[in-house]
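Look for chain A in each of the two complexes below; its partner is chain B in the first and chain C in the second.
Entry: the complex of A and B
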């Protein structure tokens, strides 16, 4: 007899009638079909392409070996990781207090409006937003004019076409994304936790560090992971704001396609990039409790 | 590897099945909006998307021209390979890359007797590239120079007569580099006294040194829009690789922008039109090519809203003002000093692109 043999109620999984089991599959089939058609099949095609020689076809591993033997290619990965790490850390540091103020300090009836205003830049085209930053950071842009006009500097600073510009463009976007995930997490947090901590003698700082922060960690990690994934794969922002003064991985991938049409090498570089994202996922999977975020 | 042996390769078999599956899917998805057989489907650069260029042809011939823009020959040829035979009728392509399309068996020979070849500037006919095996597969429609674009109110125009200005200290931090490796490598070759048509692997170290010197002076390396914007907004005063394609279109708004052909010379760029062998509408495709090559079509193409450039046809119906902006009358002198785009072998091309990558990564 099974352990549940004495339980008068059937176990949910077994109790469902067979006819009902078709419904979940029917509901999930469009999403599965979509994923199969637009992710799995292209990914398999990309995998095979990455193992094909550009000139003459045939099996080769040279597309992968080039990445490890060409310092410029390797440098692109280092640049991507550095930029992504900087963007993720800065975005979290800016988004958390912002989300906290929205969730805790703004009156409930204004929160929806405040949140909408906070994510307003999302409504602008990504490309337009990047070009707008270029105008702000340019030699004759708003910042340099303000600084030179106020006498703080005599010569304009080089802000545009630098890594600083790329990071600024990214942070502007990802702070909004992180604010949303952290805000949602903070709103789910029952006030009872803080009351209990206060009852036990913890001050505000201790309550935050030992109660609120650990409980909102899933929201931070989900947002940080999304930031990492979207940032490391982004082509537009570094292309517009970075001035090509250093190459990031997506730019290196695009370079292979333009004139030479070297799709095998572009595929190999893309798969390596996906490998890095997978490693990042595995590294923070412990904290990635998406259902709580 | 021959086509036959390629077809026996398991990877190629799988790839062809995947391509077929993708093509079938695309066909299914696109069935609702597929172009009509009577339409003309053109793979183009952005200058051909200007309604002012297309509308007169569409109205005169009762045809809709469906255009798809692409950047870079590799990307363009990839679109063709992923399409069904007959999907495309005409293509705009770098003149030096016409043989790539011919090698792939994509292009139809053009009837020379029905094209105004005698009216073209002789130096831009580029028969070395546009004629393959005695047959003409491309006709040059537009050309110009990758040279030095500059703001004449910010720099001394006399300095712009030598490429030494690009690597000297005087304009450090005031320079942008056009982000396309072939023409700028061509300019580096001219700067060190090499002929663009004779570049070999042995020249790469010297070319790299020259590129690194340019990069050390540059504020940015930008594609078309970025480099044009940088020059127009005053972010930089000099554009390496710039030319009439940058300055002419902005002449009204910013007459201070100009270009020079320095004493070392300049790199001649040219774009051609080709017809697809599998086109289902070859008569209309030829009419389109004839229209683009006509004096009226040439004037509209030369002054397209995307970018201006010299018309290949000497009889282009340009106004005097337009000719002045394009420096039409100075062309014989410019052409005499210009050298062709580098046209490296596939192997050297790869090495040049890697060298360019190294230059971009240099701090």
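Entry: the complex of A and C
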């Protein structure tokens, strides 16, 4: 719709009722205020807290220096990064073929249902999902019963309270998340790309490797980044499934609060954890251009 | 070749579905047996542990708390999200991009850190641990989500309907209530149900910010101290059922939007 010369209405595309009105600010201020008061301010408080000593007293950097000097704290970060990296790689490798099958092999009319089913357990709470894996992996759980019952092993395996259990619980969640994002990506791909590749003589394998895979790589990166962020910040899964044999960063943070009420150290460790996430974000920022519909 | 791909695809898909559903099936199956350990062999259906859950006052009051916190915090999040989305989509504001970035910023920070920050702040300000404190935290995590969903659905075509109403003399509040809210209803419902789901399942913020009166995930966490327990299976299955209802409602509102 183009505005004609004698149009008495305001120009097209302008919805401003009155210039300089207080209304728009009245609309956005509550949300901005909430974010400032309950997100930005707590973060500043945490920053200040991290620079004070637990026993009281003035400014100190000891909470941060402890992280670098205490090997068990350092080890928690190494564990977290290792687990997160393993989880991200396994989840992508499992989810990509699955999403591809859902998008390419399942008939169009069943796809929505197939996808909904595939991500149904995604919606249970973290606590319940981790507990369910404990049932499966426990000493007298389903897997051990099945293995001993069939005579494959004589003694039950130690599956729960291991890194294996933590990784399994995480992979379960992130396979579902990545299936969603990769599926969406594959569906957005215009079929004409594939047709063009086929017309130019490429077989299905070559088309996949040189056309489909590179075009879905940005989607994979977004999903992998999400996996990284959610995985490295999660407390429940390692606490329930991994136990206390090896600590991950979120467990270390919660331990400071729970056992000793040491808020300054917990704050410092949280900020370090957030710093690591920020570095990861900056490292793959150019892959993460999330587009607006 | 095509047949081999087909068969391999089927086998792979079945294996992944099996992996995804294994824990859920085990959870629900062993909630339905009367023995005091939720482990094989399965000894037949019984609702004994559901009875135990529903007559446990701590669990039922935690369930009511969870529903209260989820519905009230989601209502607050969707209201704030809708108003700000309308403000940013319809009016030219200085620094709009930056301010929108600020509102969506909490999406990039893990719940643990949001909860930690609020804990430190409330501790300093002398705000006691309570369901209200946890609810405030839930609004923080869900507001950016509601804002993003509603803002992305505010297309330019809706501006004209609003402008028509204004030209016919409607004051701003009438435009908002009688035009914009009904037009945006699917996005508003989607934001609300998604917030409900996240708040209903949220653990770490509630864990940090509540004390005696607490939400269901925290109460389930307390149950876990007793190890494998069929009562936990039963309450977990119930939580799962509620989540599924919320997700189905969410799907239905999305489908309605697509048809419109």
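Everything that follows uses one rule, which is that the second predicted complex is superposed on the first by the 254 of 293 C-alpha atoms of A that agree within 3 Å, B and C clash if a C-alpha of one lies under 4 Å from a C-alpha of the other, contacts with A are read in each partner's own complex, and residues count from 1 in each chain.
We adopt the following convention: contacts are C-beta pairs under 8 Å (C-beta built on N, C-alpha and C of every residue); 3 or more make two chains touch, one makes a residue touch a chain.
For clarity, every value in this text was computed on a predicted model and none was experimentally measured.
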Q: Applying the touch criterion given at the start, work out whether A:138 contacts chain B, chain C, both or neither, answering first, second, both or neither.
A: both
Q. In the superposed arrangement, which partner chain does A:255 touch: chain B (first), chain C (second), both, or neither?
A. first
Q.
Looking only at contacts as defined up top, I'd like to know whether chain B or chain C touches more of chain A.
A. C
Q: Would you sort A:240 into first (chain B), second (chain C), both or neither based on which partner it touches?
A: both
Q.
Looking at A:97, would you say it contacts chain B, chain C, both, or neither? Reply first, second, both or neither.
A. second
Q.
If we overlay the two complexes on their shared chain A, which of chain B and chain C does A:41 touch? Say first, second, both or neither.
A. both
Q. In the superposed arrangement, does A:118 touch chain B (first), chain C (second), both or neither?
A. second
Q: Enumerate the residues of chain A that count as touching chain B in its complex and touching chain C in the other.
A: 41-42, 45, 49, 134, 138, 140, 240, 257, 263
Q | Residue ranges of chain A touching chain B (in the complex, touch as defined) | A | 37, 41-42, 44-45, 48-49, 51-52, 55-59, 70-73, 75-76, 79, 134, 138-140, 158, 160-161, 239-240, 243-247, 252, 255, 257-263
Q.
Can you tell me which positions in chain B touch chain A when the two form their complex?
A. 1, 6, 9, 11-12, 14-15, 18-19, 21-22, 25, 71-75, 77-78, 173, 179-182, 219-223, 226, 229-230, 233-235, 346-347, 349-350, 353-354, 357-358, 360-361, 363
**Q.** chain C contact footprint on chain A (complex, rising order)
**A.** 1, 9, 13, 15-17, 23-28, 30-32, 34-36, 38-43, 45-46, 49, 94, 97-98, 101-102, 105, 116-118, 120-121, 123-129, 131-136, 138, 140-142, 145-146, 172, 175-176, 229-230, 232-236, 240, 250, 253-254, 257, 263, 266-267, 270, 273-274, 277, 281, 292-293
(Q) Help me check something: in the complex, which residues belonging to chain C touch chain A? (A) 5-6, 9, 12-13, 16-17, 19-24, 26-27, 30, 37-41, 80-81, 83-84, 86-88, 90-93, 99, 102-103, 105-106, 108-114, 116-121, 123-124, 136-137, 139-140, 143-144, 147, 152, 156, 159-160, 162-163, 166-167, 172, 197, 200-204, 208, 217, 220-221, 224, 228, 232-233, 236, 239-240, 243-244, 246-247, 251
